[in-house]
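Next come two complexes built around subunit A: one with subunit B, the other with subunit C.
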Partner chain A sequence: MELLVVEDLRKYFEFKKGLFARKQYVRAVDGVSFSVERGTTLGVVGESGSGKTTLGLTILRLIEPTSGRILFNGSDVTRLSKEELKHFRRSTGIVFQDPYSSLNPRMRVKEILERPLKIHSDEGEESRVERIIKTLEEVGLSAEHLMRYPHELSGGQQQRVAIARAIILKPLLVVLDEPTSSLDVSVQAQILNLLLDLQSRHELTYVFITHDLLTAKHVSDFIMVMYLGKVVEYSTVREVFSNPRHPYTASLLSSIPIPDPKLRGRKRVSVVGEPPSPLNPPKGCRYHPRCPYAIDTCELREPELLEHDKKHFVACHRAGELSFREFLADMDSFLSE
Partner chain B sequence: MWFNKERIRSLESNEVLRLFLKHKRGVAGLILLSFMLFIALTADFIAPKRFDEVDPSSRLLPPSTEHIFGTDQLGRDIFSRIVYGARIALWVGLLVVVVEAGIGVPLGLIAGYYGGSVDKLISAITDMLWAFPPIILALAIVTILGPGLTNVVIAVSIVSWAPYTRVVRAKTLSIMGREFITAARAVGESSLSIMFRYVLPNTLAPIIVLATLTIPSAILYTTALSFLGFGAQPPTPDWGAMLNEGKDYIFKAPWCSIFPGLFITLTALSFNLLGDALRDVLDPKLRLG
Partner chain C sequence: MRVPEVLLDVRDLRICYETSRGCVKAVDGVSLEVYAGETFCLVGETGCGKSTLALAIPRLLPPNARILSGSILFKGVDLLRVSDSKLQELRGKEIAMIFQNPMTSLNPVHRVGFQVAEVPVTHFKMSWREALATAVRQLGRVGIADPDLRSRDYPHTFSGGMKQRSMIAMMTTCKPSLLIADEPTTALDVTIQAQILKLLHELKNEYGLTLLLITHNFGIVAEVCDRVGVMYAGKIVEVADVTEVFEAPLHPYTKGLIDCVVARRKSKSRLNQIPGTPPSLLNPPTGCRFHPRCAYVTHECVKEEPRLIEVRKNHLVACHNYEKVGGVSWSS
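Then we have the complex of A and B:
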């Protein structure tokens, strides 16, 4: 059963240089469609500027989309009434990358977690505090942190508070926007495991945004790879990691550092240069200037996202002929751990 | 369990007070300000003479046991005038700041929060106002309203709320970019709640600093207007008016200007010390331990 269905979602940011300049658009999200089943995790992967954060904010309607449909539990999020929007807010949560910036420095933990309860229910203070403490314990904190200010907590603890805020109303969907990227490695693992634990306990559905493929692999059921506002590949974790079909995905995979000196000189799928400006994306396939496998067609025609194997969508003209297995063979043992 | 309602309440309310009491300069400012408040409130009892009691036989007398601050060009007791003048100075300073902040802060919040054309309109008005020399504009307003202390307060407030709008707007803009605002919207907070629960508390420190800076200048503006004949009418013992009257005798009888000047300085200082302390105490990030 699909909890979230996104159809042809677009978000263009207007951009105007100077008074008489022509209006330009940054196509942060440009025709993205996908769906997420209840209780599963969709990992959204891409480098910075690929539109993954904009996507996350748009599906929660924290940014208004330019066009497209977002169906949450069957109703279109883009045309909710005020009442329905409030209910939608109750059923969704978000966790950001920088936990300190995502907590109001003037509020104690108690008040941070109390606000959602005050907005969405009319229970008394006694039962609110009880619920807050229960949630704090669920995320690995305790009543002792209740009266603390965010700056009195460590980064990991702050992120636990942010997670508590996202789940305290028992939402159905949580968007996790690089929730571990700004934390120490040891804390990252704890937070990831906490997220997995909460997911299985509350049947949460996650949209997990990250630039880190290994993190995505650890938590996701499905992976969606984005490049310059477009989806280039979408499939199950196993498929994406064992049999990537898009050269960009393959290059991301082969750039994962592997702690094995014997693999130091291994063959990699290369990528050329920096990502181009999203203000002026390349014609044809957006990836073609950086793609070592580009042919003439790639410059002329934009590839569609097509289903090549079962549940394996790729947007590449050469998806049928290219295989990257040989490049990744060496990594298999490491990645399958 | 170790926590209960009372404990949470007392932690929330007492902490600010406890921290303030540990702040030495803040306490000094508070003591100084309390002293000013004390003489203002008890002026009727501690002033040896009435503030408008003229004595032609004792003009420009130096400080003595009879007139501890000396007398002015009309033979009035300067100490008595200063004690009564404290009422005017404090009242005017506070009133101006309250009115200014009351106009400027909401406008700044709205401009910064909504942005776009709302912001452009408010910023244009603010800039226009900023472009006028405040004293000239205040003069024009007082001319329309007529002389008197209340009208001076209105005039000074109207010409000088712009800094509040600017400071609050700028701070609001920077806060709006923080993720806790997006997070607040994600849990369903209304615009009003975001403005007052999330943005305003984070702009408090600059507002307090600004208020401490505007109280002295408010006192000075009203003084200037009094000197020009628009504000406090003689024989009202306005400190600034006394200072200005005294300047004609600065070499012959320096006490005529020294004491009003000293009290203006001390009052301004007390607000500044207090303001600094409040900023430190209200900003949880600056707290130690």
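Then we have the complex of A and C:
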């Protein structure tokens, strides 16, 4: 069953360069549609400025969308009443990249975790503390951490507290915005294991936002690749990693530094230059100035996100004819399951 | 086989930071040889002392750092004992360094071209006119489009990748012997990271540079390095050729780090994890510093600190039980 359905979601940020200047818009999320089934993980990947964080915040209505629909369990999140919104807040959680800046430095762990309980349930103090300890144990901490301040915890422990806060109300959907990016490699593995454990224990649905494709591959069932506010490719993990159809996806996969010295001289799909400013995206296909496969059509017309194979959506004029299999053959042991 | 020429020879280096809570031994008895023309990677987690070690080479340590002992020989000259004026001559000309965050290493109030041109003006007494032309050429070489135009811009108009390219241009105009790169791509996107690594590799071959690269990313290690030194809690625990490190690591920490890289794991499977977190360097564990997190720990490890010894040809390891540490348990 689909827990989350997003239809043509847009979020434009307005800004002016001077007092009397004309209004301009940054189209951070520009017509994004997807759905996530209950208990699965959607990995959202893209480089900085692709709109992936804005997307995560918008689907939880932490920022208001400009237009589009967000159906959560069948009801439209964009039109909820105050009471319904409170209920929606209880069924969702979010974990941010930097655990230290997402925890209030003046609150103890107990107070941080007590906050959602105070707002959303009328339990007494004793049962609240009991629930907090239970949740702390679930994320690999214990009662001894209750009275600590965030700065007394290591980065990994801070992120565990942030995860505890996100799951303490037993939500259905958790948005994870780069939850392991600021952590050390050995701690990253611990946190990824924890997230996967929690997911299978509570049938959680994740939207996992990351720039690290290998992490996305490890945790996700479906992958959505974003570029300058648009979805360029969307399919199952297996499809995206073994048979990418969009040149941008292929070049992202080629750019991953692979931890195997034998693969150094492998073939790669190149990408030219740097991402353009989202303020003034290129006409036609937004990727065409960097794309080694661009043809005239790409400059003129914006490609639609179309289904090419079953459940494999690609927004590229040449999706039918391009194949990147030969480029990725060397990396197969890393990219396939 | 030709005996490789040692360009940089660090011997028994000890550095501590004086803090209000005591002396933090960031680098504690590190010895290391970097050969001319190679790419040597120092890899380790946050706080293992890799950046401190790198900063000590051109003597750029912050004021609260104290060098307790050791020497750093560069082409036979001890950088820790050389006069300030001689050091100034070496910095930028013989030894160059690029940092993680290119924004904070470029001066925001000077034009990019000027900043690049300063280097040959200082070191080769080049005229400004000539130096600016060199700067434009070098900016073009590192892949800045319209270098003539862009050299007159200020750093804030550059993207992160272009800033790092400018830093590289600045640091390579004098064709130094040693280029130290401290996490040069960590702040950049993955496609830009690939471009910058490729550029560094090209420049290395073109100018015959020796590259000392500091990173925490094993992917990058595999992509660009010849030899690897793994650091943990202020010590070097293993040094070996890159293929050897990936195929037959001998230190449990190295093996653990490579094992917990997600790359070769079946999706959604449990990753092998190293329990716990790196220790505080204020009060490091006794014996082997890795022993509280180690799966191979014995009584000896708690009591006695293992020395870094060559156990196979060109493969050094500091572990009492290295013989028990098998290859990598990749489940592919």
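Keep this in mind: the second predicted complex is superposed on the first by the 335 of 337 C-alpha atoms of A that agree within 3 Å, B and C clash if a C-alpha of one lies under 4 Å from a C-alpha of the other, contacts with A are read in each partner's own complex, and residues count from 1 in each chain.
Note that a contact is a pair of C-beta atoms (placed from the backbone, for glycine too) under 8 Å apart; a residue touches a chain by one contact, two chains touch by 3 or more.
Not measured: the values here are computed from a predicted model.
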Query: Since both structures carry subunit A, what do subunit B and subunit C do when superposed there: clash or fit?
result: fit
- request: Could you look at A:Glu37 and tell me whether it touches subunit B, subunit C, both or neither (first, second, both, neither)?
  value: neither
Query: If you stack the two complexes on chain A, which partner ends up touching A:Glu47: first (subunit B), second (subunit C), both, or neither?
result: second
Message: I'd like to know which partner A:Val187 touches here: subunit B for first, subunit C for second, both or neither.
response: second
Message: Applying the document's definition of touch, where does A:Glu302 land relative to subunit B and subunit C: first, second, both, or neither?
response: neither
Task: Check the residue A:Pro116 against both partner chains and state whether it touches subunit B (first), subunit C (second), both, or neither.
output: first
Task: Identify the partner contact of A:Glu2: answer first if only subunit B is touched, second if only subunit C is, both if each is, neither if none is.
output: neither
Task: Put down the vertex angle at subunit A formed with subunit B and subunit C, C-alpha centres only, nearest 10°.
output: 80
Distance of closest approach, subunit C and subunit B, by C-alpha atoms in Å: 9
Message: Give the list of subunit A residues in touch with subunit C in this complex.
response: 47-48, 154-157, 184-190, 192-193, 196, 211-215, 217-220, 237, 251-252, 254-264, 268, 271, 273-275, 333-334, 337
Query: Any idea which subunit B residues touch subunit A in the complex?
result: 1-3, 5, 8, 11-12, 178-180, 182-189, 197-198, 201-202, 284-285
- line: In the complex, subunit C touches subunit A at residues 45-46, 145, 159, 161-162, 189-195, 197, 216-223, 225, 242-243, 246, 256-258, 260-268, 270-275, 277-278, 332
Query: Okay, in this complex, where on subunit A does subunit B touch?
result: 57, 60, 62, 85-86, 89-90, 92-94, 96-98, 101-108, 110, 115-116, 119-120, 125-126, 129, 143, 146-147, 149, 151, 162, 165-166, 169
